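Below is the structure I would like to discuss, written out as structure tokens.
Naming follows writing order (A, B, C, D and E), and every chain is counted from residue 1.
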């Protein structure tokens, strides 16, 4: 597979994808970079001027920045933890013989197809609403004071909603991986005297490592930029309790229309995202090689 | 310490009977090989002994104890799978140590046992590698290592060599034989390769469609096959079978003669035929001869015999090397 | 119409030289087999001829024309891959027709050629099946069908039989030989199975670490190996090599004798040793004999020889069957 | 010819959309509707108009945007509304809010001030009597008395959801009535003033003791729903809500709603000065300005009011824009809240909203471009205080700091 | 392990699985049921499950407010369009990565993925300006371009992992059979990879269908997909639970049904090489 001809062809065939993505990344990015050095408010046209690093200074001086950074990590970490653990358990469950397996599977994967906006709306208004929601109804049935989800545990609420959407994805991939585990390996472990727990920790979990890494990678990509769920439910609040980086930049760019500041934020986010990407992708990349 | 006894064991999979009714005694320390055509139930029988499948009927005793309903882990048998079923994420050491770890042995015991097993199997240098970094033969040895590390009552092998290339197969065959001599543990070995069966077994079980056709030493099977099936199955190239008039003349429904028991001659003999293909291997020559009214007959001659395609050849079976079978295929 | 000539061809992969410098002439219509140990460069050489890899140096001529830089599609060679590489989504007909379709042949021509190829290969009944519905041997034939349908200048086979089971292998071996007789097209065939090499080849190329060790007919290689490597490689079981004093006595650095050329005896002979393992195959017996100062020697005796492990055996090489090599391994 | 109209998803606008085929019929001008939630709408139209994207012919904008945008030259002047439009019929406060340099830049669709809506039945039960113009002390007292958590009745519902147009609208009005102000005459933020402290403390305490759960995510719409379900004893919000809470199709408490003026502090007669106008403007970049004006004239005309009245009843006409409406006996009769609304509108003074002097105009907002951002940021802080995540003092301190920083950045102190 | 499993165990496991399955599905089911209630029943306490007066009124209301079918067809056009264009660009790229890898292949792939981590809000204004100048605002083409670009990395990656499973032999065989590179890809690779391509397509249709930031910000009417349709319900106006449910049901039903019907194909390629 290594003639000069095929290599040249390969380069040619890769170029559209690479060039397009490069353009998609570089053109807006360079504009953003340019704006980030400008005092530029959309609402005050004609008043742009160069401010040097001012925007960056303001961006970092904003106490909300660090809160947003932490929130982003908590959100990503929380959802990953729930979906990975839940997904693994659920996959183990679905791997067993079950009456009506096909239907259960359909039920479980359904949330994956739901638009984030819709799911946030439904959860906010029909499940977690402190007065009209089903949860508050259930709480009252049990004689408990209903929890004010978005007021008292805003981040947990968002994590739950997002986890609900991503749990099927994790479950599906882990289930597929589980089913690819060689039956003979399980039998061998059985002959070697491994009980169910040993079987899980010594044989199944290591086998799932790769699938779990992939789930982590894909989800992280999407979770870093969670927006609709926050926008619809808490609008980043109360306070900045649920403001993640994306939402912080949103506030700056689309509520304040401070393009300069938002661009600085965008650049910072790009750098952060790339740091995450670097770490994550390196780890995953290594894991995917084998 | 490792006799295995099957009494009227049967197995069916959702209605399909795979093993109708088998009784078999395997003595302690013996090397018993199961052979038979594909799908005859060899693996199933082995898995029943291992406890990986439940019997549909009958009793399995190991060491005199009824183990019919015991879980695999408690039967104290070790199994080597065709795919080896090594744990890919564990090092060789981890793989070999696994059964001991599951028993809850302490670290020292484990280390000693693993090192011992590794030295028996020449794996000492590879203890820290992962399975994927090993060659086929080495993997095979790791699988055996995992089996011998805890001194089981018996070893079960399911076609352990079928994934190896020819040269390695010969080596591993010898190694397993030597291991058996050293450990003197009962071994039950499934294969469909007759060379393996013939060279390794103390006793061979020939299975066909879930039934035992014959149970005996390799030479017994070669020299005194109980029926036509066994005769055809044991020996390579396959025994030539002659039916019809030619066989009737000799007072049998079918007459069998092995290729190596036919003397070819250019001048005279019992049957005359035309050479189709002559394969010269150097050491041997295989002649594929077409005989009118009889069909194709394979002759194995020495390497320096000079027959060529199209020539006429006369063949005579050697004395006492003719097998006769009745219409039911039973040896007469 | 299909001579292939390699002139000083070399190949390295990113710094590692796999083929240092090979020159080879394959005449039109010949059946040439490449053999050699795993990793010696057989496949690489074949792929260089096919054009699937670029040469690092040297010239490849096909039919007298320089094709060194020509794309595989233009070389008009057909290749049969080890895995068959059938197109799983096309029917047998589609698979066989594919090369012609790529040439832009019209429907009628294609149909005729496909039917012709199918009838040669007994595939007529399977033309509408998908590859996954075929047995191993049938798939193999489809791969060949795809190769023969467009009358290539030469066929290239890369271990086409190694995925088949033993019995089928013997059949397909015969079929390919017959095909060669019928078509008379040049065939280059890679294998590591010596039986295939010996039985099929007009000429064998023995490769070792990217170099040609010997190029000759099968019998030449068996009877007159150019060096110790070839002697050891050709023949099964392997030739016994004896070094040291015993060899010096005979005026060579190394002396070689094939297992089938040693007569065993219980009473007298040139070398005496103790039988280690005796493998009784019925038809033959292999004795693995330990001789002091010489090492292990393999003897092939007839099936009814009754030597057992631990007995003493005397062995004498047959007349004219001793090979002598100098310190560099060259035959003397 | 077709017009693209961006509008907000509230009841009056959706009704306009439902009635608009009539306009198309009359004029042959087709209409494409983009109906969005308020925040999304604001974000979409602002992006578009600021970048001259040209996606809309008509935008729904408020009293806040109109003067700012008009000053930027982004809005087309409304000089072609036609003779029978009767521009002088618009309420003076409303007209003024949409006028820059004597030129009208947006046509008012409906306008609102704030007032108290309360449950007469609950007040009766509790033996309370709502005065015409209550004070905050009375309100706080009453709210605590009415609250009955087991029956899911909460004494008072107020906005808590962060946003300059959500909790900050209410809080600014509240602060105004307490005599607080956003900025002094040097544009120094005043969150460190005792007035703000008092106002915010009242708000947080009251909501904690007598407010519904989850108040920090309740905006106008959420509170409306709560009130309609009978969960609120009192609700202080836009006057436009009156027609919804009295609509028996939607409200379970339609026949027991009373009204009162926005509360005042004991010392001042300031009712908060809330004034908001949802109006329709035309981007200067629109290619269809003439047709667009035609539509504006139709949608904000007296005839439109009659059209709605004929289809949905007088109670449901968009309120607060035309003097003539409040002189229409049919309306006065159908809308018991009409008088109170008019009073509230008239008592709103947007040019000097606090009792102290202010350098800005606007009632429940500050009409400078920076306010969206500042208001939202401060709104977040205050909603955190409401949720109990920070103390009132801390919240005020943060608000002060952030506001000061933003104003500094915008060059107010240079 | 093929030891017999007791029926009791199966019943218990099934019960747990069904319970979890129904719990996870419940919000969707509840939305569906609520969409047939009147606003009053929708918030009735205690909640009504099946026994209420079913009504289609909400669907009528929703339809008068915005033309569902236009949004629906826009969703279909942009989701399918971007997926197909994405595939056309990605197939050759994935071919190159899978079959002619270089030292940098992995880096290129990871870089592509990292472009997905850019915060979209940060570049909205630049993109909006570019789109305005290219007259791409509120056009199908514009939206298709954006959706293609944001999903391209995922498409390439999925195809790459899928192609890597295809034996190189077969492609080489086609080369020996005289196929040009183009023919190789069209006649051999693509049909062989159909399951993987189908799965990639499905996932990307789902992702594109549900994308809510760009679709909302770059469209107004002509090209506005269902995400814009739902945006007008994202805040209540009085009692709105039933209307919200109806709109939600309309927005997710098509993709949910498609997802259910094709889940087998979807799952097959969804693993991104995670399963070996």
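One rule holds in what follows: contacts are C-beta pairs under 8 Å (C-beta built on N, C-alpha and C of every residue); 3 or more make two chains touch, one makes a residue touch a chain.
The chain lineup, named per UniProt: A = Sugar ABC transporter permease; B, C = Sugar ABC transporter ATP-binding protein; E = Mannitol ABC transporter permease.
Every value quoted in this text rests on a predicted model; they were computed, and no experiment measured them.
S.K.: Starting at subunit A, how many touching-chain steps does it take at least to reach subunit D?
M.R.: 1
S.K.: Which chains does subunit A share as contact partners with subunit C?
M.R.: B, E
S.K.: Note the rotational component of the Cα superposition from subunit B to subunit C, reported as an angle of 0 to 180 degrees in steps of 5.
M.R.: Going from subunit B to subunit C via C-alpha fit gives 175 degrees.
S.K.: Taking each chain's centre as its mean C-alpha position, how far apart are subunit B and subunit D in Å?
M.R.: 90
S.K.: In whole angstrom, what separates the CA-based centres of subunit B and subunit C?
M.R.: Chain centres of subunit B and subunit C, defined by C-alpha means, are spaced 27 Å apart.
S.K.: Would you kindly tell me how far, in whole Å, the mean C-alpha position of subunit B lies from that of subunit A?
M.R.: 55
S.K.: Would you kindly tell me how far, in whole Å, the mean C-alpha position of subunit E lies from that of subunit D?
M.R.: Subunit D and subunit E have C-alpha centres separated by 39 Å.
S.K.: Quick check on subunit C: which residues sit in contact with 2+ other chains?
M.R.: Subunit C, residues with two or more chain partners: 52, 71-72.
S.K.: List, in ascending order, every residue of subunit D touching at least 2 other chains.
M.R.: 47, 51, 225, 229
S.K.: Out of subunit E, which residues touch more than one other chain, so two or more?
M.R.: 1, 43, 124-125, 129, 172, 231, 233-234, 236
S.K.: Using the touch definition up top, name the residues of subunit B that touch subunit C in the complex.
M.R.: Result: residues 165-166, 174, 177-178, 193, 195, 198-199, 218-219, 222-223, 234-236, 258-260, 277, 279-284, 288, 300, 303 of subunit B touch subunit C.
S.K.: Any idea which subunit C residues touch subunit A in the complex?
M.R.: 13, 51-54, 71-72
S.K.: Taking the touch rule as given, give the residues of subunit A at its contact with subunit C in the complex, in rising order.
M.R.: Touch list, subunit A to subunit C: 1-5.
S.K.: Going by the contact rule at the top, pick out the subunit D residues touching subunit E in the complex.
M.R.: 4, 6, 9-11, 14, 17-18, 32-38, 40, 44, 47, 51-56, 219, 221-222, 224-225, 228-229, 244, 250-252
S.K.: Note which residues of subunit D are touching subunit A in the complex, please.
M.R.: 39, 43, 46-47, 50-51, 68, 72, 152, 161-163, 212-217, 225-226, 229, 231, 369-370, 372-373, 376-377, 380-381, 383-387, 389-390, 398, 405, 409
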